[in-house]
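Each of the next two complexes has chain A plus one other chain: chain B in the first, chain C in the second.
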Partner chain A sequence: MNRRELFANVTGVGAHSEAARACSGADIVPNVPLRTHENVEVRFYDDLVKGRQVLINMMYASCESYCPAITARLVEIHKALAERMGKDLFMYSISLKPAEDGPAALKEFAKMHGALLPGWTFLTGDPYDIETLRFALFRHNHIKLDLDTQAHTGKLRIINDAINRWVHVAPFASKATVLQHISWADPPKTLEQRLEDNRRLQEQIGKEVEQFGYRKVI
Partner chain B sequence: MQRRTVLQLLALVSLLAAGSPGSLLAASSCEAEAKRSGTDSTRYFMVLAARTGVFYERSGPSFVALMRAGADDYDVGAVGIYAGANKQPVFGPVPAGSYEEMLREARNSSSDVMLRLELNPAQYERTLNVLRLWERRVREKALLYPDIAMDNILLVKQATEELNRCSRTIVSYNLDWGLQDDISEHNTPLRIPYEYFKELKRLNGAKHVPDPAMPPALLAATHSKE
Partner chain C sequence: MSLIEADSNEPQAEPSSHEGIDRRTVLKATALIGATAVITTKKTTVLAQSAPPPTAPVLCGTTPPVSPPTRPFIDDLPVPPVAMPVNLNPAPTQAANIAGGEAARAPHQRWSQFLPLLRYRMVAAPSLHRHHTDLLPSYMWTFNGKYPAPTPLNCYGVPSLVRFSNRLPETAQNTTFGINEITVHLHNGHTASESDGFAQDFFGPGLFKDNHYANAYAGIDAFGGIGDPREAMHTFWFHDHRAAFTANNNYLGLNGMYIVYDSKDPSHELATPGSLRLPGYYGITDIPLILTDKRFCAAANGRNEVFQVVGAGAPGGDKWVVNGKIQPKFRVRRRKYRFRILNTGPAKAWTLTLIRPDGTQAPMTIVAVDANFLQSPVVLADRPLDVQVAMRFDVIIDFSAFPAGSSVYLKEATAQNVGVVTADPAPGLPIGNVLMRFDVVNRESWFPPDTPALPTVLTQMPDPIVPDASFQWEFTLVNGQFLINGLPFDHNRVDHVVLKGSSEEWTLANDVAAGNWNHPVHIHFEEGRIVSRRVRISQNPDVFQDVALRPEELGRRDVYPLPPQNRVVLRMRFRDFVGRYLIHCHNMNHEDDFMMARWDIVNTMAELTQRRREIDERRMLAGLAPQYQQGGLV
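Up next, the complex of A and B:
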């Protein structure tokens, strides 16, 4: 009688492996192959994230609850940051149901919600790769929450790969809050820019104190 | 007895593991399971095995093993956490030398737990797909968590939950880190599978397949190192 090993002789992963210690973008963000709503094949890290500031959310075309509302909020965000979109800021919406959402379905979803905008790409791919991506970008390290794919439609991940900064915000927060979180991942400003920002802020504080008797702006 | 590694399986692994467990397993569906004639003499088993007192925080190896005994051949394999060099936990396909001893009836009931369940062909295929998916994740360094203990928890959860996908085969325990999940609440991630298997054995002890009821070839496979 012949014996057959069910699994290949693959070296296992130790508790203190290289992957577990790694902390830079290329090691954290999976470089999985994906397909855009324009049916172009891309590598997620190399082509879309490397060296860029990006906003990433998950959705699916047949979603009738959170996804349309969040997409509408993201359209507002896109309008507020239109000057930067497609230049130094990019938006990616990744399908949670890649088996259902081909490029055409995603393009239709984007068109229906007014999201066919510069710098905004809808993405689909192999379910195995999407699962890898979902855990890498949105996991809670909690089995129940991580297995609830629906919960992942309510998150927005902001990454500035050039400075290795990750920020997270709920897209249902106010537009000002979302924009503020995005700014936390902005490229570092020069001294002149920061002095100018401080001057404007102080000017606004001065006006508010004069008008209301206290500072309102945070 | 001859042992051979079937490299051709790797190609199949890639195909089978192309989807997440939920989506790919749905394809093999309960309809196919119901249509099985039951005339096949091949027998299928899942073994849930874990041990304590091996690693630094008193936990130990824990894995899911699958066994199939046909007329002329048999398959054995396990995926999970085993003790690597210097008794460090390692996650992946478990070497035969590490799993064989733990697939026997537990000798020390205070530190070992082993639950052996007989499966139907569809359950075997589904759980095999789960294990192959994790084998692929190890091979491609695409694990879902930075902590291998968490990956192993997800593996044992997905593999055991496949048993009840089409009909209630075992009394389950909801290992979900929810409010009712005492095991996850009170144990370190490395120890959770041990406690989970212990609880499943308590709930399903009557379904445990003892040594005398096992096909001789499979029983011998767990003693090949002796």
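Up next, the complex of A and C:
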């Protein structure tokens, strides 16, 4: 070790203990207090995200165009993944207008859209905390967009905290595509599973190539 | 389990990283007047795979750190080593070798016509890379243990195949946002779909994939043989294209350059028939400059890890990196050099000027844009070179204009964080704006003599494209989601279908008033030519005004910068191959945010009509206007 490296290490000591924590979900996902549509107080990271695979979107109860459409799409997704919902997969819809949306208003919205389903929680809270959450989950680094709450209804965030994986998808992509993106955050597969998936994919490609001369569907 | 790729052909030797150009290197390289000049130095290192992989990084949280100080001009500019052809075991096959562990794909098109003679292996795996002498090593994901990856040197008429093996860690827990699945795109190869690195064709650790590169010019069907030589491209790069993770995986280091020579642009400077005689010895007078920005954590555990939060909300780097080093110096002889400047992103654009010791701008001459020669060289004497993500500029700098012992500087318009108080190296040039330094020395007797004056005509453009149809791609942002033609990327959905052998006029439109974003739009498969660029000067009613094209915009290209309120009209052909291709914003953050669309090339008119009808039916079901008229013909 030369003098410079020694020096670098010495100066790094303070930062070392700080850095010894891995860059985990707790560092990324704010642990803000929120209230559910059942009027239960929760901590966002500790109670809802920690160790889980979750789908998160932002909405508000009085929104008349995007939010109902996206909620309808999320109901479809919930139906397709019903076996996992509430067990190892959870859905959170967070209000962009927490001052308007009390727990009762959110429950009403959920009921109206057939979204009172297992594993799906609607959330509201202090506007400052919601803003913190929105910046952590959906930030663009663009001052105009980031301050415009209307610009945050078009994306679905997928987090698997157990493996530290973040994915997102536009909920208006096809149902198959949304499901596929959710699967990108599934627990890692073993090599055997991957090879088996690969074999099955090749069978499908083979059929497509036979029929169309190239890969058509995916 | 009977796995997979045998390692029998290892170890694979790569030349050691560049340690300055010495006499032996030059003599060896210039003595080889062949298809590819291969530089080897005495020291060869065994590929890193035999060593245990580095331990996973411990990251420094999510608050962007200020990178540690680095003294300027300490490290020599490294040149990525030349990739060595290898024997592959199991041997490559036309259909995917599923039993051998190859990722699923359609069979290679035109396989027997372009049987790959040169075979390379690129292993994606974790390795340590040191970005500066003052920094400790950083954990990266690289090809063959090198950042940037070794450069395959190829020749038109000699097809090649690159086996991309995924040896990334099984769980990518600590990389936070990188993903251990890859699909590699050769930007902008005239490549069949199954070898084109389609964003959805990614594969996980333990598998490999053979990408088949014909190294032929576009126009194989029309011109026969290896195609239309006027379609020649030379400076390619390959990079991971994994949907939603392209920025992250490239930031971690999964990219490199790929060069293809021909008789006009050979790997040497000798007076051979048809040669332009540009500076042409790779690593000696022909130097890649691969640009990226990075941010580093404070030293811990013997490492300065790269700060790994990238993506839409990320802060970007505060250190400018050239060929893997921060503020390097490079010794140049008083003669002409060619630099192949490449911006690997993920998001930063570079605005470069060459600065004399007295602080004034010195000229650089552009000979090629996005790998395509311009009709005539373009001298940049009083304006900067604007290098957006994924663009390549081949520039010639004549260092005989500067006295021996002087230094000239490559300046970037935005300053980096140096962290060491340093006097301005030239009047009006703060140290933070210096990307790298060139130290000018007299040419030694053993160093190749200067090349002749640049030719005034570099290439002949292919025949003008007469479009069979036109199509518009609109790049927008709605409710926080990037869209093309109103839809986010969906690999299962085709947004446009074209006929093999046809040509079209495409309009790229960036109408978003709110975002005010520039999109460097990249179109896979063939090079296009810009017909016009218009800018909207009034919104209601819409009034557009033609913008004069810069001389470097007049050539062929594959990245089309699209500033806000601009419309770029371009024409391109779709020849020789069929399958799925992409158009996307190459700001990798936007690309990962699904500002990307799939378009397909099909074989027959019947298929074209049928597929276009399907698209319109689907659009109408979704409440969108149909795209085509006359049953899909227009």
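The rule is simple: the second predicted complex is superposed on the first by the 194 of 218 C-alpha atoms of A that agree within 3 Å, B and C clash if a C-alpha of one lies under 4 Å from a C-alpha of the other, contacts with A are read in each partner's own complex, and residues count from 1 in each chain.
Definition applied: a residue touches a chain if its C-beta (ideal position, glycine included) is under 8 Å from a C-beta of that chain, and two chains touch if they have at least 3 such contacts.
If you're wondering where the values come from, they're calculated on a predicted model, not measured in any experiment.
Novice: Considering only touches as defined above, state whether A:139 meets chain B (first), chain C (second), both or neither.
Specialist: both
Novice: Pick one for A:30: touches chain B only (first), chain C only (second), both, or neither.
Specialist: first
Novice: In the three-chain superposition, say which chain, chain B or chain C, touches more residues of chain A.
Specialist: The partner with more contacted residues on chain A is C.
Novice: What is the contact status of A:87 with respect to chain B (first) and chain C (second): first, second, both, or neither?
Specialist: Touch status of A:87: no partner.
Novice: Touching A:213 in the superposition: chain B (first), chain C (second), both, neither?
Specialist: So A:213 only meets chain C here.
Novice: Taking the superposition on A as described, I'd like to know which of chain B and chain C A:175 touches: first, second, both or neither.
Specialist: neither
Novice: Applying the touch criterion given at the start, work out whether A:165 contacts chain B, chain C, both or neither, answering first, second, both or neither.
Specialist: In the superposed model, A:165 contacts chain C only, not chain B.
Novice: Between chain B and chain C, whom does A:188 touch in the aligned arrangement: first, second, both, or neither?
Specialist: Only chain C; A:188 stays clear of chain B.
Novice: Go through the superposed model and pick first if A:79 touches only chain B, second if only chain C, both, or neither.
Specialist: It touches nothing on chain B or chain C.
Novice: So which positions on chain A get touched by both chain B and chain C?
Specialist: Common to the two interfaces on chain A: residues 4-5, 8-9, 11-12, 14-16, 19-20, 135, 139, 141-142, 144-145.
Novice: Report the residues of chain B in contact with chain A in the complex, numbered from low to high.
Specialist: On the chain B side, the touching residues are 1-7, 9-10, 13, 17-20, 23-24, 66, 72-79, 82, 84, 88-96, 128, 131-133, 135-139, 141-150, 153-154, 157, 175-178, 184, 217, 221.
Novice: Under the definition above, what is the set of chain A residues touching chain B in their complex?
Specialist: 1-17, 19-20, 30, 99, 126-128, 130-132, 135, 139, 141-147
Novice: Where on chain C does chain A make contact in their complex?
Specialist: Spelled out, the residues of chain C in touch with chain A are 1, 3, 58-62, 68, 96, 98, 101, 103-107, 133-136, 170-174, 176-177, 179, 193-194, 200, 203-207, 244, 297-302, 304, 308-309, 312-315, 477-481, 483, 487-493, 514-517, 578-580, 593-594, 600, 602-603, 607.
Novice: Contact residues on chain A for chain C in the complex?
Specialist: For this pair, the touching residues of chain A are 4-5, 8-9, 11-12, 14-16, 18-23, 27-28, 66, 135, 138-142, 144-145, 148, 150-155, 163-170, 172-174, 176-177, 180-181, 184, 188-189, 191-192, 194-195, 198-199, 201-202, 205, 208-209, 212-218.
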